[in-house]
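The next block holds one structure in the form of C-alpha coordinates; read it before the comments.
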Amino acid sequence: MKEIVAFVRRHQVPASKKALEDAGFPALTIQSVEGRGKQGGIGGWAAEIDPELSKVKPYMDAPETRINWIPKRMLTLIIQDKEVEKVVKVLLEANQTGHMGDGKIFVCPVQDVIRVRTAETGEAAVI
Amino acid sequence: MKEIVAFVRRHQVPASKKALEDAGFPALTIQSVEGRGKQGGIGGWAAEIDPELSKVKPYMDAPETRINWIPKRMLTLIIQDKEVEKVVKVLLEANQTGHMGDGKIFVCPVQDVIRVRTAETGEAAVI
Amino acid sequence: MKEIVAFVRRHQVPASKKALEDAGFPALTIQSVEGRGKQGGIGGWAAEIDPELSKVKPYMDAPETRINWIPKRMLTLIIQDKEVEKVVKVLLEANQTGHMGDGKIFVCPVQDVIRVRTAETGEAAVI
(Lines give C-alpha, C1' and ligand atoms only; values in the text may rest on other atoms or scores of the structure.)
Protein backbone atom coordinates (compact mmCIF):
# COMPACT_ATOMS: atom_id res chain seq x y z
CA MET A 1 0.00 0.00 0.00
CA LYS A 2 1.09 3.56 -0.64
CA GLU A 3 0.13 6.98 0.63
CA ILE A 4 -0.13 9.63 -2.06
CA VAL A 5 0.29 13.16 -0.76
CA ALA A 6 -0.38 15.92 -3.26
CA PHE A 7 0.18 19.63 -2.63
CA VAL A 8 -1.99 21.52 -5.11
CA ARG A 9 -3.36 25.00 -5.78
CA ARG A 10 -6.52 25.72 -3.84
CA HIS A 11 -8.63 26.30 -6.92
CA GLN A 12 -7.56 22.98 -8.38
CA VAL A 13 -9.15 20.97 -5.59
CA PRO A 14 -12.55 20.47 -7.27
CA ALA A 15 -10.92 19.34 -10.53
CA SER A 16 -8.55 17.02 -8.66
CA LYS A 17 -11.39 15.55 -6.67
CA LYS A 18 -13.54 15.00 -9.75
CA ALA A 19 -10.67 13.44 -11.70
CA LEU A 20 -9.85 11.09 -8.84
CA GLU A 21 -13.48 10.11 -8.44
CA ASP A 22 -13.87 9.47 -12.18
CA ALA A 23 -10.78 7.27 -12.05
CA GLY A 24 -12.21 5.22 -9.20
CA PHE A 25 -10.65 6.92 -6.19
CA PRO A 26 -13.43 8.70 -4.27
CA ALA A 27 -11.79 8.43 -0.85
CA LEU A 28 -9.41 11.18 0.15
CA THR A 29 -8.51 13.61 2.89
CA ILE A 30 -7.92 17.33 2.48
CA GLN A 31 -5.97 19.73 4.66
CA SER A 32 -5.16 23.42 4.45
CA VAL A 33 -1.43 24.02 4.55
CA GLU A 34 0.97 26.79 3.70
CA GLY A 35 4.22 26.32 1.94
CA ARG A 36 6.85 27.59 -0.35
CA GLY A 37 9.02 25.99 -2.98
CA LYS A 38 12.61 26.32 -4.04
CA GLN A 39 12.06 29.91 -5.15
CA GLY A 40 11.46 30.76 -1.48
CA GLY A 41 8.03 32.27 -1.82
CA ILE A 42 6.72 34.50 -4.56
CA GLY A 43 7.22 38.25 -4.97
CA GLY A 44 4.71 40.98 -5.78
CA TRP A 45 4.76 40.01 -9.43
CA ALA A 46 2.95 36.88 -8.36
CA ALA A 47 -0.45 38.07 -9.48
CA GLU A 48 0.83 38.24 -13.04
CA ILE A 49 1.78 34.62 -13.20
CA ASP A 50 -0.90 33.23 -10.93
CA PRO A 51 -4.24 35.06 -10.73
CA GLU A 52 -5.11 33.01 -7.68
CA LEU A 53 -2.57 34.94 -5.67
CA SER A 54 -4.13 38.32 -6.36
CA LYS A 55 -6.76 37.26 -3.85
CA VAL A 56 -4.20 36.67 -1.11
CA LYS A 57 -4.49 40.21 0.26
CA PRO A 58 -2.78 39.79 3.63
CA TYR A 59 0.39 38.80 1.86
CA MET A 60 0.37 41.59 -0.69
CA ASP A 61 0.29 45.03 0.86
CA ALA A 62 2.59 46.44 -1.77
CA PRO A 63 3.63 45.34 -5.27
CA GLU A 64 7.11 44.48 -4.04
CA THR A 65 5.83 42.46 -1.10
CA ARG A 66 7.33 39.02 -0.88
CA ILE A 67 4.87 36.21 -0.30
CA ASN A 68 6.55 33.91 2.12
CA TRP A 69 3.87 31.35 2.69
CA ILE A 70 1.51 30.37 -0.06
CA PRO A 71 -1.79 28.74 0.89
CA LYS A 72 -2.06 25.26 -0.59
CA ARG A 73 -4.29 22.26 -0.22
CA MET A 74 -2.84 18.91 0.72
CA LEU A 75 -4.70 15.90 -0.60
CA THR A 76 -3.97 12.49 0.88
CA LEU A 77 -5.16 9.13 -0.31
CA ILE A 78 -4.17 5.56 0.36
CA ILE A 79 -3.97 3.23 -2.60
CA GLN A 80 -2.62 -0.13 -3.65
CA ASP A 81 0.92 -0.41 -4.99
CA LYS A 82 -0.26 -1.14 -8.51
CA GLU A 83 -2.37 2.03 -8.60
CA VAL A 84 0.46 4.52 -8.00
CA GLU A 85 1.16 5.23 -11.66
CA LYS A 86 -2.52 5.76 -12.46
CA VAL A 87 -3.19 8.10 -9.54
CA VAL A 88 -0.07 10.18 -10.23
CA LYS A 89 -1.16 10.51 -13.88
CA VAL A 90 -4.64 11.64 -12.85
CA LEU A 91 -3.23 14.22 -10.42
CA LEU A 92 -0.71 15.50 -12.98
CA GLU A 93 -3.43 15.97 -15.61
CA ALA A 94 -5.66 17.81 -13.16
CA ASN A 95 -2.97 20.13 -11.79
CA GLN A 96 -0.30 20.74 -14.41
CA THR A 97 -0.41 24.30 -15.72
CA GLY A 98 3.30 24.59 -16.46
CA HIS A 99 3.68 27.53 -14.08
CA MET A 100 5.59 27.67 -10.82
CA GLY A 101 3.36 26.65 -7.96
CA ASP A 102 1.84 23.60 -9.62
CA GLY A 103 2.82 21.65 -6.53
CA LYS A 104 4.34 18.29 -5.79
CA ILE A 105 3.23 14.74 -5.28
CA PHE A 106 4.87 12.43 -2.76
CA VAL A 107 4.61 8.66 -2.73
CA CYS A 108 5.17 7.20 0.73
CA PRO A 109 5.19 3.64 1.99
CA VAL A 110 2.35 2.45 4.23
CA GLN A 111 2.75 -0.76 6.21
CA ASP A 112 -0.86 -1.42 7.07
CA VAL A 113 -4.37 0.03 6.91
CA ILE A 114 -7.20 -0.79 9.29
CA ARG A 115 -10.86 0.04 8.61
CA VAL A 116 -12.23 0.94 12.05
CA ARG A 117 -15.82 -0.08 11.32
CA THR A 118 -14.99 -3.69 10.44
CA ALA A 119 -11.43 -4.08 11.73
CA GLU A 120 -10.44 -5.27 8.25
CA THR A 121 -6.74 -4.85 7.55
CA GLY A 122 -4.43 -4.68 4.55
CA GLU A 123 -5.58 -4.41 0.94
CA ALA A 124 -9.19 -5.12 1.94
CA ALA A 125 -9.19 -1.95 4.01
CA VAL A 126 -7.74 0.30 1.34
CA ILE A 127 -11.03 1.04 -0.34
CA MET B 1 9.42 2.81 15.01
CA LYS B 2 6.02 3.37 13.48
CA GLU B 3 3.72 6.29 12.93
CA ILE B 4 0.07 5.59 13.68
CA VAL B 5 -2.33 7.92 11.88
CA ALA B 6 -5.97 7.60 12.87
CA PHE B 7 -8.85 9.44 11.22
CA VAL B 8 -11.71 9.50 13.71
CA ARG B 9 -15.04 11.22 14.33
CA ARG B 10 -14.65 14.55 16.07
CA HIS B 11 -16.69 13.57 19.08
CA GLN B 12 -14.56 10.46 19.61
CA VAL B 13 -11.40 12.45 20.27
CA PRO B 14 -11.81 12.68 24.07
CA ALA B 15 -12.49 8.94 24.33
CA SER B 16 -9.56 8.13 22.05
CA LYS B 17 -7.27 10.38 24.02
CA LYS B 18 -8.32 8.89 27.34
CA ALA B 19 -7.99 5.32 26.06
CA LEU B 20 -4.53 6.01 24.69
CA GLU B 21 -3.43 7.70 27.92
CA ASP B 22 -4.78 4.82 30.03
CA ALA B 23 -2.84 2.41 27.82
CA GLY B 24 0.40 4.34 28.33
CA PHE B 25 0.43 6.55 25.25
CA PRO B 26 -0.12 10.14 26.40
CA ALA B 27 1.84 11.76 23.56
CA LEU B 28 -0.07 12.53 20.40
CA THR B 29 -0.79 15.21 17.84
CA ILE B 30 -4.20 16.26 16.60
CA GLN B 31 -5.20 17.98 13.37
CA SER B 32 -8.50 19.05 11.84
CA VAL B 33 -8.99 17.54 8.43
CA GLU B 34 -11.84 16.94 6.03
CA GLY B 35 -12.36 13.79 4.08
CA ARG B 36 -14.63 11.33 2.47
CA GLY B 37 -14.59 7.58 2.13
CA LYS B 38 -15.43 5.17 -0.62
CA GLN B 39 -19.08 6.20 -0.55
CA GLY B 40 -17.93 9.61 -1.84
CA GLY B 41 -19.39 11.71 0.91
CA ILE B 42 -22.70 11.30 2.65
CA GLY B 43 -26.13 12.43 1.44
CA GLY B 44 -28.91 14.28 3.26
CA TRP B 45 -29.96 11.09 4.97
CA ALA B 46 -26.73 11.36 6.88
CA ALA B 47 -28.31 12.65 10.04
CA GLU B 48 -30.25 9.44 10.34
CA ILE B 49 -27.20 7.25 10.43
CA ASP B 50 -24.85 9.65 12.18
CA PRO B 51 -26.33 12.22 14.58
CA GLU B 52 -23.02 14.04 14.56
CA LEU B 53 -23.66 15.17 11.01
CA SER B 54 -26.92 16.90 11.84
CA LYS B 55 -24.75 19.61 13.33
CA VAL B 56 -22.83 20.18 10.11
CA LYS B 57 -25.20 22.88 8.91
CA PRO B 58 -23.12 24.46 6.14
CA TYR B 59 -23.14 21.15 4.34
CA MET B 60 -26.84 20.48 4.71
CA ASP B 61 -28.99 23.25 3.25
CA ALA B 62 -31.53 20.76 1.97
CA PRO B 63 -32.42 17.15 2.80
CA GLU B 64 -31.04 16.00 -0.51
CA THR B 65 -27.78 17.90 -0.11
CA ARG B 66 -24.75 15.77 -0.59
CA ILE B 67 -22.03 16.17 2.00
CA ASN B 68 -18.81 16.11 0.10
CA TRP B 69 -16.30 16.74 2.83
CA ILE B 70 -16.85 15.44 6.31
CA PRO B 71 -14.91 17.08 9.16
CA LYS B 72 -12.67 14.58 10.89
CA ARG B 73 -9.87 14.62 13.39
CA MET B 74 -6.51 13.14 12.56
CA LEU B 75 -4.56 11.73 15.48
CA THR B 76 -0.89 10.96 15.04
CA LEU B 77 1.44 9.18 17.41
CA ILE B 78 4.86 7.61 17.14
CA ILE B 79 5.36 4.27 18.81
CA GLN B 80 7.72 1.33 18.91
CA ASP B 81 7.24 -1.55 16.49
CA LYS B 82 6.12 -3.92 19.21
CA GLU B 83 3.37 -1.52 20.31
CA VAL B 84 1.47 -1.39 17.00
CA GLU B 85 -1.00 -4.16 17.80
CA LYS B 86 -1.82 -2.68 21.21
CA VAL B 87 -2.36 0.86 19.95
CA VAL B 88 -4.53 -0.28 17.04
CA LYS B 89 -6.64 -2.32 19.47
CA VAL B 90 -7.07 0.69 21.77
CA LEU B 91 -8.08 2.93 18.87
CA LEU B 92 -10.51 0.34 17.49
CA GLU B 93 -12.21 -0.07 20.86
CA ALA B 94 -12.54 3.69 21.29
CA ASN B 95 -13.87 4.39 17.80
CA GLN B 96 -15.75 1.38 16.46
CA THR B 97 -19.50 2.02 16.24
CA GLY B 98 -20.16 -0.24 13.27
CA HIS B 99 -21.48 2.64 11.19
CA MET B 100 -19.97 4.19 8.09
CA GLY B 101 -17.62 6.99 9.04
CA ASP B 102 -15.83 5.16 11.83
CA GLY B 103 -12.60 6.10 10.11
CA LYS B 104 -9.33 4.43 9.30
CA ILE B 105 -5.99 3.77 10.89
CA PHE B 106 -2.74 3.82 8.95
CA VAL B 107 0.53 2.30 10.09
CA CYS B 108 3.52 3.96 8.45
CA PRO B 109 7.24 3.32 8.78
CA VAL B 110 9.44 5.87 10.55
CA GLN B 111 13.19 5.74 10.13
CA ASP B 112 14.24 7.87 13.06
CA VAL B 113 12.95 10.13 15.81
CA ILE B 114 14.89 12.95 17.45
CA ARG B 115 13.85 14.63 20.70
CA VAL B 116 14.83 18.27 20.19
CA ARG B 117 15.37 19.07 23.88
CA THR B 118 18.03 16.40 24.40
CA ALA B 119 18.99 15.43 20.86
CA GLU B 120 18.24 11.82 21.79
CA THR B 121 17.50 9.62 18.78
CA GLY B 122 15.81 6.32 18.03
CA GLU B 123 13.78 4.33 20.53
CA ALA B 124 14.93 6.54 23.40
CA ALA B 125 13.23 9.49 21.74
CA VAL B 126 9.92 7.77 21.07
CA ILE B 127 8.48 8.47 24.48
CA MET C 1 14.51 10.55 -0.35
CA LYS C 2 13.29 11.36 3.13
CA GLU C 3 10.51 13.39 4.66
CA ILE C 4 11.52 15.44 7.68
CA VAL C 5 8.63 16.33 9.95
CA ALA C 6 9.44 18.74 12.77
CA PHE C 7 7.04 19.74 15.54
CA VAL C 8 8.28 23.05 16.94
CA ARG C 9 7.13 25.93 19.13
CA ARG C 10 5.12 28.50 17.23
CA HIS C 11 7.54 31.33 17.93
CA GLN C 12 10.46 29.30 16.63
CA VAL C 13 9.04 29.10 13.11
CA PRO C 14 10.77 32.23 11.75
CA ALA C 15 14.14 31.11 13.14
CA SER C 16 13.65 27.59 11.79
CA LYS C 17 12.67 28.91 8.41
CA LYS C 18 15.66 31.26 8.23
CA ALA C 19 18.08 28.57 9.37
CA LEU C 20 16.77 26.13 6.78
CA GLU C 21 16.93 28.73 4.04
CA ASP C 22 20.50 29.70 4.99
CA ALA C 23 21.45 26.03 4.85
CA GLY C 24 20.00 25.66 1.35
CA PHE C 25 16.55 24.32 2.12
CA PRO C 26 14.02 27.04 1.21
CA ALA C 27 11.17 24.68 0.36
CA LEU C 28 8.93 23.60 3.19
CA THR C 29 5.32 23.22 4.27
CA ILE C 30 3.83 24.46 7.53
CA GLN C 31 0.73 23.31 9.37
CA SER C 32 -0.94 24.30 12.61
CA VAL C 33 -1.36 21.33 14.90
CA GLU C 34 -2.03 20.70 18.55
CA GLY C 35 -0.31 18.10 20.61
CA ARG C 36 1.03 16.97 23.87
CA GLY C 37 4.10 15.02 24.91
CA LYS C 38 4.81 12.33 27.42
CA GLN C 39 4.01 14.66 30.32
CA GLY C 40 0.41 14.66 29.07
CA GLY C 41 -0.02 18.37 28.63
CA ILE C 42 1.27 21.16 30.82
CA GLY C 43 -0.22 22.49 34.04
CA GLY C 44 -0.82 26.06 35.20
CA TRP C 45 2.85 26.45 36.11
CA ALA C 46 3.47 26.37 32.39
CA ALA C 47 3.88 30.11 32.04
CA GLU C 48 6.88 29.94 34.33
CA ILE C 49 8.80 27.55 32.17
CA ASP C 50 7.54 28.69 28.80
CA PRO C 51 6.49 32.34 28.40
CA GLU C 52 4.87 31.43 25.12
CA LEU C 53 2.14 29.61 26.98
CA SER C 54 1.09 32.60 29.03
CA LYS C 55 -0.54 33.81 25.84
CA VAL C 56 -2.65 30.70 25.47
CA LYS C 57 -5.58 32.17 27.37
CA PRO C 58 -8.32 29.71 26.45
CA TYR C 59 -6.32 26.97 28.07
CA MET C 60 -5.48 28.84 31.27
CA ASP C 61 -8.56 30.05 33.07
CA ALA C 62 -7.02 29.30 36.44
CA PRO C 63 -3.48 28.73 37.71
CA GLU C 64 -4.18 25.06 38.27
CA THR C 65 -5.69 24.58 34.82
CA ARG C 66 -4.16 21.74 32.91
CA ILE C 67 -3.27 22.47 29.32
CA ASN C 68 -4.23 19.41 27.39
CA TRP C 69 -3.43 20.45 23.86
CA ILE C 70 -0.53 22.73 23.14
CA PRO C 71 -0.53 24.62 19.83
CA LYS C 72 2.49 23.68 17.75
CA ARG C 73 3.67 24.17 14.22
CA MET C 74 4.51 21.21 12.04
CA LEU C 75 7.19 21.80 9.42
CA THR C 76 7.58 19.30 6.60
CA LEU C 77 10.31 19.13 4.00
CA ILE C 78 11.48 16.53 1.53
CA ILE C 79 15.22 16.06 1.19
CA GLN C 80 17.77 13.66 -0.20
CA ASP C 81 19.03 10.81 1.96
CA LYS C 82 22.47 12.36 2.34
CA GLU C 83 20.99 15.60 3.68
CA VAL C 84 19.21 14.13 6.71
CA GLU C 85 22.03 14.72 9.18
CA LYS C 86 22.49 18.32 8.07
CA VAL C 87 18.80 19.22 8.22
CA VAL C 88 18.35 17.62 11.64
CA LYS C 89 21.35 19.58 12.91
CA VAL C 90 19.93 22.85 11.57
CA LEU C 91 16.54 22.18 13.15
CA LEU C 92 18.09 21.20 16.49
CA GLU C 93 20.17 24.39 16.60
CA ALA C 94 17.14 26.53 15.79
CA ASN C 95 14.79 24.91 18.28
CA GLN C 96 16.73 23.50 21.23
CA THR C 97 16.11 25.51 24.40
CA GLY C 98 16.56 22.61 26.81
CA HIS C 99 13.02 23.00 28.19
CA MET C 100 10.10 20.62 27.83
CA GLY C 101 8.16 21.41 24.71
CA ASP C 102 11.13 21.78 22.37
CA GLY C 103 9.41 19.32 20.07
CA LYS C 104 10.40 16.34 18.01
CA ILE C 105 11.76 15.58 14.58
CA PHE C 106 10.69 12.54 12.58
CA VAL C 107 12.55 11.08 9.62
CA CYS C 108 10.26 9.11 7.32
CA PRO C 109 10.94 7.22 4.12
CA VAL C 110 9.61 8.58 0.83
CA GLN C 111 9.49 6.34 -2.21
CA ASP C 112 9.11 8.95 -4.92
CA VAL C 113 8.56 12.65 -5.53
CA ILE C 114 6.92 14.16 -8.60
CA ARG C 115 7.13 17.84 -9.53
CA VAL C 116 3.72 18.58 -11.04
CA ARG C 117 4.88 21.41 -13.30
CA THR C 118 7.43 19.32 -15.19
CA ALA C 119 6.46 15.76 -14.26
CA GLU C 120 10.07 15.22 -13.13
CA THR C 121 10.43 12.39 -10.65
CA GLY C 122 12.93 11.19 -8.06
CA GLU C 123 15.94 13.19 -6.88
CA ALA C 124 15.47 15.74 -9.66
CA ALA C 125 12.09 16.66 -8.18
CA VAL C 126 13.27 17.03 -4.60
CA ILE C 127 14.44 20.63 -4.99
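Order as written gives the chain letters A, B and C; numbering starts at 1 within each chain.
Please note the rule applied: a residue touches a chain if its C-beta (ideal position, glycine included) is under 8 Å from a C-beta of that chain, and two chains touch if they have at least 3 such contacts.
Given the structure is predicted, the values throughout are model-derived calculations rather than measurements.
Between the two copies, subunit A and subunit B, the C-alpha superposition involves a rotation of 120 degrees in steps of 5.
Although subunit B and subunit C carry the same sequence, what matters here is overlap: shared residue numbers make up under half of all numbers found at their interface.
Rounded to a whole number, the gap between the C-alpha centres of subunit B and subunit C is 20 angstrom. Touching of two or more other chains is recorded for residues 31, 108-109 of subunit B. By the touch rule above, subunit C contacts subunit A in their complex via residues 3, 17, 21, 26-31, 78, 108-117, 119, 125, 127.
Remark: subunit C residues 2, 6-8, 31, 33-40, 68-69, 72, 74, 84, 88, 91-92, 95-109 touch subunit B in the complex.
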